[in-house]
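Each of the next two complexes has subunit A plus one more chain, namely subunit B in the first and subunit C in the second.
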Partner chain A sequence: MAKQTSDEKMRIIPGEAVGIVAAQSIGEPGTQMTMRTFHYAGVAEQVPTGLPRLIEIVDARRTPKKPMMDVSLDKDHAKDEKKASIVADEIEEITLVKISSIEEDFSKKLIHIKIDKRLLSDERLDIEEIRKKIKATGAERVELNGTVFTVKPKGDTLRSIRRVTNKIKELRLKGTKGISRSVVLKDKNELFVRTGGSNMIEVMNWPGVDSSRCYTNDIKEIEKVLGIEAARNAIIREVNQVLDMQNLDVDIRHIMLLADAMCMDGEVKSVGRHGLSGEKAGILARAAFEETIKHLITAAVKGEVDQLIGVTENIIIGQIVPLGTGLVNLKMKRLDKLIKAKSE
Partner chain B sequence: MIEKMIKEVKFSLFSPEMIRKMSAAKITVPDTYNEDGYPIDGGLVDQRMGVTDPGLKCKTCGGKIRTCPGHFTHIELVRPVIHPEFSKVIYILIKSTCRSCKRVLVSKKQIDSITQALTQEEMVEEILEKTKKVSVCPYCGEKQPEIKLEKPTTFYEAARMLLPTEIQDSLSKIPDDDLRLLGLDPQFAKPAWMVLTALIVPPVTVRPSITLETGERSEDDLTHKLVDIMRINQRLEANINAGAPQLIIEDLWELLQYHVTTYFNNETANIPPARHRSGRPLKTLSQRLKGKEGRFRYNLSGKRVNFSARTVISPDPNISINDVGVPQKIAEELTVPIRVTDWNLEQCKKLILSNDHPQVVYVIRPDGKRKKITDKGKEEIIQSLTPGFMIERQLTDGDVVLFNRQPSLHRISIMAHTARILPGKSFRLNLIVTNPYNADFDGDEMNLHVPQTEEARVEAEVLMKVEDQIISPRHGHSIIRPQEDYVSGVYFLTKKDSKFTKAEACQMLSIAGITRLPKADRGDKYSGRLLFSQLLPKTLNLSIKSKLGEEIVIKNGELLSGTIESKAFESEIVEKILHESGSENARKFLDTATRLALFVITRHGFSVDLSNYALPKDALEKISHVQKNSKREVDSLVLQYKHKTLQRLPGRTFRETLEEKSMEVLAKSRDLCGKVVAEYFGMENTSIIMATIGARGSLLNAIQMSGLVAQQAVRGKRISRGYRNRTLPHFRKGDLGAEARGFVISSFRQGLTPVEYFFHSMGGRESLVNTAIRTARSGYMQRRLINALQDMVTHKDLSVRDARGIILQFKYGGDGLDPMKVIAKGEAVAGPERE
Partner chain C sequence: MSKKPRPPEKVAVYVNGRLIGFHTNGIGLYRELRQKRRNGEINPEVNFGLNPKTKELHINTDSGRARRPYIIVENGKPKFTPELKEKLKKGEITWKDLVKMGVIEYLDAEESGEHMYLAISEKDLTNEHTHLDIDPLTITGITVSVLPFPEYNSSPRITMACAMSKQSLGLYTNNFQLRGDSRAHFLFYPQQPLVQTKPYKLLKFSERPAGQNFVVAITSYFGYNMGDAVVINKNAIDRALGRSAFYKTYETEERRYPGGQKDKFEIPNPTVGGYREEEMYRNLGEDGIIVPESEVKSKDVLVGKTSPPRFLEEISAFGLTEEKKRENSITAKSGEEGIVDSVMLTESPSGNKLVKVKVRSIKIPENGDKFASRHGQKGVVGLLAPQEDLPFTAQGIVPDLILNPHAIPSRMTAGHILEMIGGKAASLSGNLIDGSAFTGDKEEDIKKVLRNYGFEEYGKETLYDGVSGEQIETQIFMGVIYYQKLHHLVSNKMHVRSRGPVQLLTHQPTEGRAREGGLRFGEMERDCLIGYGAGLLLKERLLEESDKTVELVCNSCGSIAVHDHIKNRNYCPLCEGNELHEVEMSYAFKLLLDEIKAIGILPRLILKSKA
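For the complex of A and B:
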């Protein structure tokens, strides 16, 4: 078969309702998907897959339930297990609560922090550094006794003590904000770091990391850091991954259309009343989807006009929808009028 | 032909003047019918607004029940009340305008810079944002008091309550230019109209009363509400006229406001819903429009239709996939309109005279008059029949109909079939179209529609015909495919040693509609492969690796080697025929090959029984040996865990590590048992045959039946819930061994112990619950997806645009190719990256 002719044969027909077909193609297998969560080696358990994850992507949530990153390393670190694991260790966020037990003594208005010595040396942390950092959180006085800190918080009320405790608990000793776990894993021929939690900008700038090959499953973050085109590709990749994992075969064109629709206006918009559907042109179409009354009221106040250009609008008023054969117009000269014109 | 089209729909508010102008009557009496059951003049079912009783005539237009569309009337409210749905808009307007001079609280300079720089929507937002910070009017220097809205309709200025009259007054004084700045259209939506002085009353046709069997009348909820409004309105009027104290008047006023509020929306926040005598909340205007059962989704987006039928479906392997069996009774009810022309005049006359099935039920004269055909009137009608008439004929063989099963999850849930009138009372369909409809025959019902215009019929046939839907647009592979027994049948047909006598061969080929007998190739017998080849187009060439590890070679439409299994039969051959020889040939292949397969499997016999799953003694011993080993392994893991010597996996707790490792061990043990089962069962076992050729089931099913059922899971983990520190009282506390955590050692054939059965039920219940949740969630997701994407359509330049014409993709999918038509995946598919 000659390339040219086969291409022509396979060409899409103008007027095809590709949007509806794409929505159906992605939505229909939804009933066959599992709701199981998935175990990603080491980093985060119960990462949503299947239907919950698909809904999450389509919703364009600010942060996914379990953000995750796959961080490739530069040539130096990618082959060397030791170097790679150092990067992984350094990237991981260590908060004070992770290496210590924290107790509040409300009667004496003190906070006791007992640091685990083994973890301290494991994470190569300096106890003096910690002391300085604790001091900066709003403590009046910090005493160090062996591995036990005694903190006198500013303020006397129980609430202010609790506030300081919470701050101390979340005190970052090292690493990147938001990265709660990290593991070195092996790809086909190189090592990479998988993290639980996501912080693209900081991780990309981390020494040893190949910034051109950092991936996070947080689409909104990709949009923020790398831009809309990257976000579009991320949506396609994530949806594809979900479907692949369930062994569901969906043509990539459908997923592309969904991603393009979501990114149409230059920012990632969700599928639903707060995103794409809420901003459609037709008043009747919006009213028929969700929040019927709200749309009718605002339309009346603004004196809006529905141009009846969408599918739902035309179904509502009983006209032919602008899809497929309904998209084609026939212009013809009326014979009786022609005759009349001639005779005049 | 479409004569007139609606170009646009404009939304706006009704002014009180407009309401009065279009009102057919003023309602003055808070009642409906008098003692004689006759509508009261000036009451809420005044005959000037139309009629719902048969026999009565509308006093405005003279029409009867179906001819009078109904006319609006109105109620003059003695004191104005706030329209509850607009209270938020009113709040914004009052807050952002000066209380004294009624100008927007933004200075002229700022307005100019904003209007120049921003678009309409941004402008409104920006102005509202600006007004929030202003406390002194930039025009008159008046200090602005704090305005509060107590939902739904009470306004406070500082601490003083604002009366609706005051609000109306303030709203009417806001200049038009300032209204525009706030996003209002002052020509069509004057804010003063949001405070109601005249209440529009919908005609009775909108709120018909129903007569109960007892002869008692039951009024519509809206009528009840309107009676309430009228009653309070009159009482308020009486009190005002009598000069009652202000306090009483205000109380009544508030009550009127309450009734008006609930009349518009009975689910308004912060007020109790108005109730029927029985305690059921009333369904008022807002409730009528809203939600799944509301006017929009129930009656406007989806409409009821005529010319449709619904009944139970049943299988019929002998009809084509294009056909649908229609019961005689249904065919007699459904009609097809046919236009009488010069060319079919005689046929039409004959049809009218006929007393057999496709009878003509109605004749429609060119002037639109409809005449029912009776035995007596036939002659007369034939005399007057000329081109330009329409006749309505009963449904008959060969008519194009649409066939549908809900839920219609994709477009192939509705396809065009050819009707075939058959005895019985159920719709019949070929088994292989079961797949796109997702239908089975355990009581499923399906709907059938008869297209009523020539255009509709042509579109149905050209676009929706079953044979054109063999390939799914979702992935480009066959979705109408022979499955299960058909695969087994074809397997036995094309097995290497399958032979058929001449008599058999003749019968088989005649079933397939082939009249030419090929030359015998196995002595005087015919090989199955030879017979199968007769169905293939002579141009077909194919070479694929089969699931059985053979090479299936088809050359010039002849099956040279290999036994056909599911992959080849279900998709490869069908798709290849379809792409090369067209969908009609693919359909013919499917029709005939399935019939052939069915013949073979019926003659051959194919079944399973308990003996299929009986393992010999030594196999059972092997299995129990494997189990013992793995149980021991788990026990040692548990021991390690208890002694804290277990090697922790990275990023896991000790407990998680234990669970993970024991799951691993037990899964391995199941696989080992599977190997034993596979070793003892060969291709003589029907269950294994089905699994290997891909007809039904998998090896796992055989393992579970004959070997062991293996681990039961809840939430993807071993079973851990139940009693404190143990799953069931049959175990010791803290027992983490295999059996105590839901490992089922028995096979289904042996039967499960009560404890195992319980664990198995736990897993079973979880999957039932999940299925229920999943259907609801995925249904909603699909509704949102379709709503978001429904306007996207390809245009002549292959670009994809939405309804506004905004380009989404310059070329559909990057390459402009149809997923349904793309041959050989991978080659033609463009990656996600754009050119």
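For the complex of A and C:
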């Protein structure tokens, strides 16, 4: 055999069952994971890791259980701890309920808001500003007495009072929507902000933030903000991270194939009934997976034809599968024709 | 919302979970009720429990509460006095009297959890104690109580030992010869263990033992006891160690059918439909029932039986309905053979003639049979080694069983080790060792016995290699321990198939040993062949060796065509077209097509010649 170039060596042989091999290569360590740890006991658990997180990624859930961002800062802020912590504080969303205790007085149809003075100054908030914001939520009258607001809501049914209270509770005083917590952490040589909750667009536009180095673990959000290619890379990164954390060695190309399959239609699709498996080309392949009758009936209504291209279909009907050794065929040249052609 | 103030100590009273009223003094009511029970005014089976958190007093009289007896203690003095003990010994009073007298009471979980402060032994008693435990070993259940030295073992191993001791073979009942259990095992020469517990004696377990005392050495033996295998002395087996009998009872009755017809026990006439080879009926007596003590090979007929036809036959040429009977004998299961132990003839509940045939086979320990000690140490036989090849001591003692040392450290069954030296001490002194939980004989006592008889106190022995006769460099731990033969015998499990029966519906091989079935080549196994790219092997497994069929397919309408046997021609029942092709497919697929048709969809096959 001629000497192979490294490019030729890297090439995968035609008919290799890359999908099955990738599935087995991710699935086998996956079983190990379940047995070892579901989550770390005791220590306050941050983001789901291990199998639950893997399932979350593969199912392409709209929002992860614990969204989280790693926000890098620009040169100006990345070295200065004070400046960095200011950015972190500013990003964090502060709602009214966080700095106050809110009580409803249904008999007088009033809402009492008692602001914690210390928290107020800690967060560098202005009480007049708050008053204006409360007013905008649909209050008829807002009275300020020391640190206590008395709000008279519009309307006087119990329901409308409750509606105003809920609005007031969620009233954002500062920061970005969805960022419930933020801390400054130190990387090898620079500072960055880790947040609980995720809001990519707003955080990227925040002053002091290096918008080219912002990361969230919410894959759907990455897809929305940065596009499908970024989402693909995020899937690879997240899956790899989960496996790394458990010290499981899975070749990156298996994960890449998974991410490619999930993203190949231009949007992130889950692996399962509502995603990849539910959209296979062959009727029989789909019917063999889940919801057999539904697929058969819709196929019948549409008058579909199964071209028997896939592996599953051919196993069902009992033919050689178009893969591996089954892909190879003999073509015979008829000798008489060959002689005829030569003599002419 | 207005809050009504409630009296603070008001307690809700429930009987068997139903609210019956309130009481102002909960603890007082409890004390009064308890005193009444102790005085015999309330049935001793009733229990009370006051929950101070929920302020509920529960009175339980229902069934299903696990209860345990305790000695009542008042002012730091147990009510079970030495005088009562003396009376009890003389037989003047019984346990029941003690309960009646208010000396002993049974508490359920609810009452003992809330109102009991238990002293484990008499010397621990203080004024605060309310009850005294009868014996610390009462904390275990019956199954654990017969295990020796459980306090030296790790708890998972105890659980396993309990599960396994229920699978041990022994003398399960004294009248086993008269019984017709559908399957039963019986161990030859069962022995009582040398290390026993108090409950073991109380249960009179030694009258129906389930195991034998083995001389065990802990060492390796040419790799034949790797991974929880054990090596057993072949000569010991020949001396009937671990030998057992297996009884299987087959039964059948002469059933009556509507229309006055019934089955008949007889040697079937060769003209009967479904007649087997004459050889199969060779052991039957005149009455069609097999003769006791005759040898049975697999698939031999045990009871010859003929049944009336399933459907009414057509009227024969002579205008009479001819009796066309069908063969319906019961036969020994395939792979099961033995000797007919006994034949029982009785009447079934519906008044029919009933025959039970009990077949006995002797099960001599062989490779793959399962043995276990009483410490969750199970293993299968890996080798039956001839005695002359096994290591021996200077005195000529040869182990019956060789256990691998790797079985011990990770499992932490120190009780196993202790029982081994305990058994050894018992064999030397002739006195049984007490292995009761917490109160049994101590390690030091056992060692003392060993020392007294001139043995090494830790149970080690100098052994000599049976093959070369050379002394083995290291000393080897050896002792006597009670081993159980478990009812997982290879001969009842062994199963092979190359060709065999297929299912009616799918034409695929049957499942399970009883039906001589194949081993499933499942979805994940299939994935492996795909992953390897072995396309042709895959087809062979899933089609050629399973449910391959050749069906006729009509090229014009794409439906499955049929063969008309009478006119001997093929035709398509749908379109009368006759361009038919033979197509190789799996029968499961043909079945799928039929089922798709059944839900009202017409599937069509589009034919193409192979590339």
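Keep this in mind: the second predicted complex is superposed on the first by the 308 of 344 C-alpha atoms of A that agree within 3 Å, B and C clash if a C-alpha of one lies under 4 Å from a C-alpha of the other, contacts with A are read in each partner's own complex, and residues count from 1 in each chain.
Methods note: a contact is a pair of C-beta atoms (placed from the backbone, for glycine too) under 8 Å apart; a residue touches a chain by one contact, two chains touch by 3 or more.
Remember, it's a predicted structure, so these values are computed and weren't measured experimentally.
Participant: State whether A:Val305 touches subunit B only (first), subunit C only (second), both chains, or neither.
Facilitator: Both: A:Val305 reaches subunit B and subunit C.
Participant: Counting only touches as set out at the top, which of subunit B and subunit C does A:Ile315 meet: first, second, both, neither?
Facilitator: In the superposition, A:Ile315 contacts both subunit B and subunit C.
Participant: State whether A:Ile20 touches subunit B only (first), subunit C only (second), both chains, or neither.
Facilitator: So A:Ile20 meets both subunit B and subunit C here.
Participant: Of subunit B and subunit C, which one touches more of subunit A's residues?
Facilitator: Of subunit B and subunit C, the partner in contact with more residues of subunit A is B.
Participant: One more residue to check, A:Asn329. First (subunit B), second (subunit C), both or neither?
Facilitator: After superposing on A, A:Asn329 lies in contact with subunit C but is clear of subunit B.
Participant: Looking at A:Asp7, would you say it contacts subunit B, subunit C, both, or neither? Reply first, second, both or neither.
Facilitator: So A:Asp7 only meets subunit B here.
Participant: Just subunit B (first), just subunit C (second), both, or neither: which does A:Lys280 touch?
Facilitator: In the superposed model, A:Lys280 contacts subunit B only, not subunit C.
Participant: Per the contact definition in the header, classify A:Lys167: touching subunit B only (first), subunit C only (second), both, or neither.
Facilitator: Touch status of A:Lys167: no partner.
Participant: Would you mind listing the overlap between the subunit B footprint and the subunit C footprint on subunit A?
Facilitator: 15-17, 20-21, 23-24, 293, 296-297, 300, 305, 311, 315-317, 319-320, 322-325, 327.
Participant: Flag every residue of subunit A that touches subunit B in the complex, lowest number first.
Facilitator: Per the touch definition, subunit A meets subunit B at residues 6-7, 9-31, 33-37, 39, 42-43, 45, 51-52, 54-55, 58, 181, 183, 196, 229, 233, 236-237, 240, 249-254, 256-261, 264, 271-272, 275-277, 280-285, 287-289, 292-293, 296-297, 299-313, 315-317, 319-320, 322-325, 327.
Participant: Give the list of subunit B residues in touch with subunit A in this complex.
Facilitator: So the residues of subunit B in touch with subunit A come to 2, 5-13, 85-86, 89, 183-185, 187-189, 265, 286, 289-291, 294, 296-297, 300-301, 409-411, 459, 463, 473-477, 649-652, 656, 716, 770, 773-775, 777-779, 781-782, 784-796, 798, 800, 802-804, 806, 808-809, 812-814, 816-819, 821-823, 828-834.
Participant: Would you mind writing out the residues of subunit A in touch with subunit C in their complex?
Facilitator: For this pair, the touching residues of subunit A are 15-17, 20-21, 23-24, 293, 296-297, 300, 305, 311, 315-327, 329.
Participant: Considering the complex alone, what residue numbers of subunit C touch subunit A?
Facilitator: 526-528, 530-539, 542-543, 548, 584-586, 588-589, 592, 596, 599, 601-602, 606, 611
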